[in-house]
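Order as written gives the chain letters A, B, C and D; numbering starts at 1 within each chain.
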Amino acid sequence: MKIDLNCDMGESFGTYKLGYDEEVMPFVTSINVACGFHASDPGNMLHTIRLAKKHHIAIGAHPSFPDLVGFGRRNMGASPDEIRADTIYQIGALWAICQSEEVKLQHVKPHGALYNMAATDIRIAGAIAEAIQSVDPGLFMVCLGKSQMVEAARKAGAKYVEEAFADRAYTNEGTLVPRSKPGAVIHDINLVAERVMSMVKHQKITSIDGVEVPIVAQTICVHGDTPGAVEMIKLIRKLLDKDSIVFEPFGQSS
Amino acid sequence: MKIDLNCDMGESFGTYKLGYDEEVMPFVTSINVACGFHASDPGNMLHTIRLAKKHHIAIGAHPSFPDLVGFGRRNMGASPDEIRADTIYQIGALWAICQSEEVKLQHVKPHGALYNMAATDIRIAGAIAEAIQSVDPGLFMVCLGKSQMVEAARKAGAKYVEEAFADRAYTNEGTLVPRSKPGAVIHDINLVAERVMSMVKHQKITSIDGVEVPIVAQTICVHGDTPGAVEMIKLIRKLLDKDSIVFEPFGQSS
Amino acid sequence: MKIDLNCDMGESFGTYKLGYDEEVMPFVTSINVACGFHASDPGNMLHTIRLAKKHHIAIGAHPSFPDLVGFGRRNMGASPDEIRADTIYQIGALWAICQSEEVKLQHVKPHGALYNMAATDIRIAGAIAEAIQSVDPGLFMVCLGKSQMVEAARKAGAKYVEEAFADRAYTNEGTLVPRSKPGAVIHDINLVAERVMSMVKHQKITSIDGVEVPIVAQTICVHGDTPGAVEMIKLIRKLLDKDSIVFEPFGQSS
Amino acid sequence: MKIDLNCDMGESFGTYKLGYDEEVMPFVTSINVACGFHASDPGNMLHTIRLAKKHHIAIGAHPSFPDLVGFGRRNMGASPDEIRADTIYQIGALWAICQSEEVKLQHVKPHGALYNMAATDIRIAGAIAEAIQSVDPGLFMVCLGKSQMVEAARKAGAKYVEEAFADRAYTNEGTLVPRSKPGAVIHDINLVAERVMSMVKHQKITSIDGVEVPIVAQTICVHGDTPGAVEMIKLIRKLLDKDSIVFEPFGQSS
């Protein structure tokens, strides 16, 4: 039994430091690297790729709306054409940095507001899928499970994986409970680790209403931007290691 | 006898239009495409690459210091490491856009203040040469003739071509007369066309002091941002066409 | 009988030129000056204020979402607190430039997507009204007539004027016909001039369905970014001049 | 006997946190607030001004070259006209935020590379002095002691104070030992506190060569961006408090 843990990385910017990249890197298998639109800059991207290379972590681009002040978390009324071009640009920027360090790009995962909008808007998801496909058909699109992103990836003929969230509650339909609702985020790290175990071993998760629902988790998203988050990742890793579950980037299994 | 004419292109930005891209494109053989740091944005880069594809023009990246307000014309005290990373980033961004349109990148030519600083500072020229070499050793570096850029390209083992300027005066040493001096820029389009002819056919140019000096011109830079400039390019083209000189991107001859 | 004509100005950016500021300035009475978030830069703002000073034009700030690439025309999910702070910042930047040229600020008019969102969202309109009021209670807020902006200005106790558009069609309810609908923009400059005359003299306008509807037009917005637009402004001016209508900034009448 | 301690503040940006503003604020008398060009954003500027208001700290603008990635620490070849306009813009942005919180601006201190270049280049220092003077003649310009900034302020007729650095070594001529030289920065916090005491009580400082040199210190710059720096400020404060030296913003004494 195999699983991939993905985590956002390289979100520092200029003189500003963000996240626990050095601490988290050894415990995840894939990373999503900011490309300068919501966070990071070329020097910091290079630093992040060198760190990933050292730890043999699979690398993905983490494109965003152009919004440094808002960290890419604010919805923007960009057109699909604009999103397609912005996504190509950001993938390329990271690709070249990988190239200069002789490592490969594995995937693309949209960031923040762009991810959330793509999950429900097929035109936005389609723009991203086409962008990925047009740059390199070998790249995976990381999609929110059961979302419009999956639909768009299929349509564009792009490789994709479905993603589940370690610390988020799910509805009976297997979709994410919106962050605005109570209980949307699970803070108990033991419970989170158990839920990840259930996702991986049984492809099931207990919904917020207590119902067992099927879930596809080809990669599981964990967060690395708080000390607590680092503890959570280590615990997940420890628990699943004990059960002989293999941690491996999804790009290797396929 | 063959020659390449290169011209800066794709310098529009968002809603702002700059340059006579459509008018100039049919008359040049290589273009230097702005990558978003001094001009352009992903959507406009894509538009420019489509235009270049239509006209079968060879494409180069035109990286710059990050300075939109100053159009990359202001010197910046960036470190060689910062310049190296910024250059890689910009090459990659344009590479991906070329990839999405199934065309190739031929070269990299630094823009504005970065070009001028690289011409005299071997550390800056070296950072650019290493950046190019690390992304794709097949890419040419466009260097000011006889400058530190040539030296840096050789040292890094990067492919390069030496560039001459159609409308600039030269010293007895074969270097450019600084723009601050009278007579530095030649405005008479007939004279410019004749000088280009001399560069191509005889590898010679008359210096500002009236001395014949040898010149290496593997590519000749022309400007396309004024109506007068467009006329100049057409005249150069007409004159050299008459003499059966072949216009061809330098990447094809080598 | 008096009227104010307002027009967006100072939308150039760095090396990029936009609009016919010099041509339009003599024919309008109030201008809305871009503040660096969707267009312009400090040097260009200073140039614009000097031009306005020369022509004795009343000056307003034209704050926007932070979106240079999209020219402030893309909706952004910024919070009211973010919009309030961004608006204060932009008003202040222009205020200081006016101060350095010893002229006064008359008003604030939100730009593009911010204007459109404020017209229908009382929380956004309220953030703008509070921002204006907190910087200088003498400043007018330019509001789309009958919109949530008027409501917000009243609530905040801010001075305001209601604005009508010279070249836009109106519904029977006196609201703007959305740009997406056919006939939303009126291109016949004679018809536009007549409609402005009707707004000013009779406070009435013929709706897109042919019904006469009352309209409040304390200032009328004209565009100055195309040669045709310049002609339109001159024609409006000529027609109303003949009828002895006085052109005067709204800040002077009150 | 009175002294002012000034410290850079409000250097966070969007989601990025920098500095120990809350810890340092109670121990200094004047702050230099980033204005969005090298750090900060409107929301964070507002937050900083509210904090300063709570602690009754005197407020200054901290304008910079436009360089977020380089934190304003990279020299830029901007013209005096560009620097003048950029400075006016940034002062105004902070002025409006102060206005909205009903507090006053006391001073302007250029940041980073702009400060260093102004210290030795009278044209740059002059552009800043004129900018300050043109916005509000009541504002002080904070100048490196004995530098071209002092000269420029006098010439422009601007109010100014001369600044000394708590933790920097001085030459026999009373100028700063360049950071590139060994011993340029003093790390021993007891020694730093003693030197500040000497500056304030005796207007003298021991140079790096052991010579006593006269020094003008109308305000003393301390740093607040490391935990060690916070300790240093507290120690300076404690030592001078014991000696009944009064801490007061320079704007109040004059």
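By our rule, a contact is a pair of C-beta atoms (placed from the backbone, for glycine too) under 8 Å apart; a residue touches a chain by one contact, two chains touch by 3 or more.
Small disclaimer: the values here were computed from a predicted structure and weren't measured.
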Work out which of A-B, B-C or A-C repeats the contact pattern of A-D, with more than half of the residue-numbered contact pairs in common.
B-C
Check: interface with higher C-beta contact count, C-D vs B-D, is C-D
Rounded to a whole Å, what is the gap between the Cα centroids of chain B and chain D?
43
Inter-centroid spacing, chain D versus chain C (mean Cα positions, whole Å):
39
Quick check: what residues of chain C touch more than one other chain, meaning two or more?
41, 69-70, 82
Can you name the residues of chain A that touch chain D in the complex?
13-18, 41, 68-71
Within their complex, chain C touches chain A through residues 66-67, 69-70, 74-78, 82, 113
The answer for chain D against chain C in the complex is residues 36, 41-43, 45-46, 81-82, 85-86, 88-97, 99-100, 131, 134-136
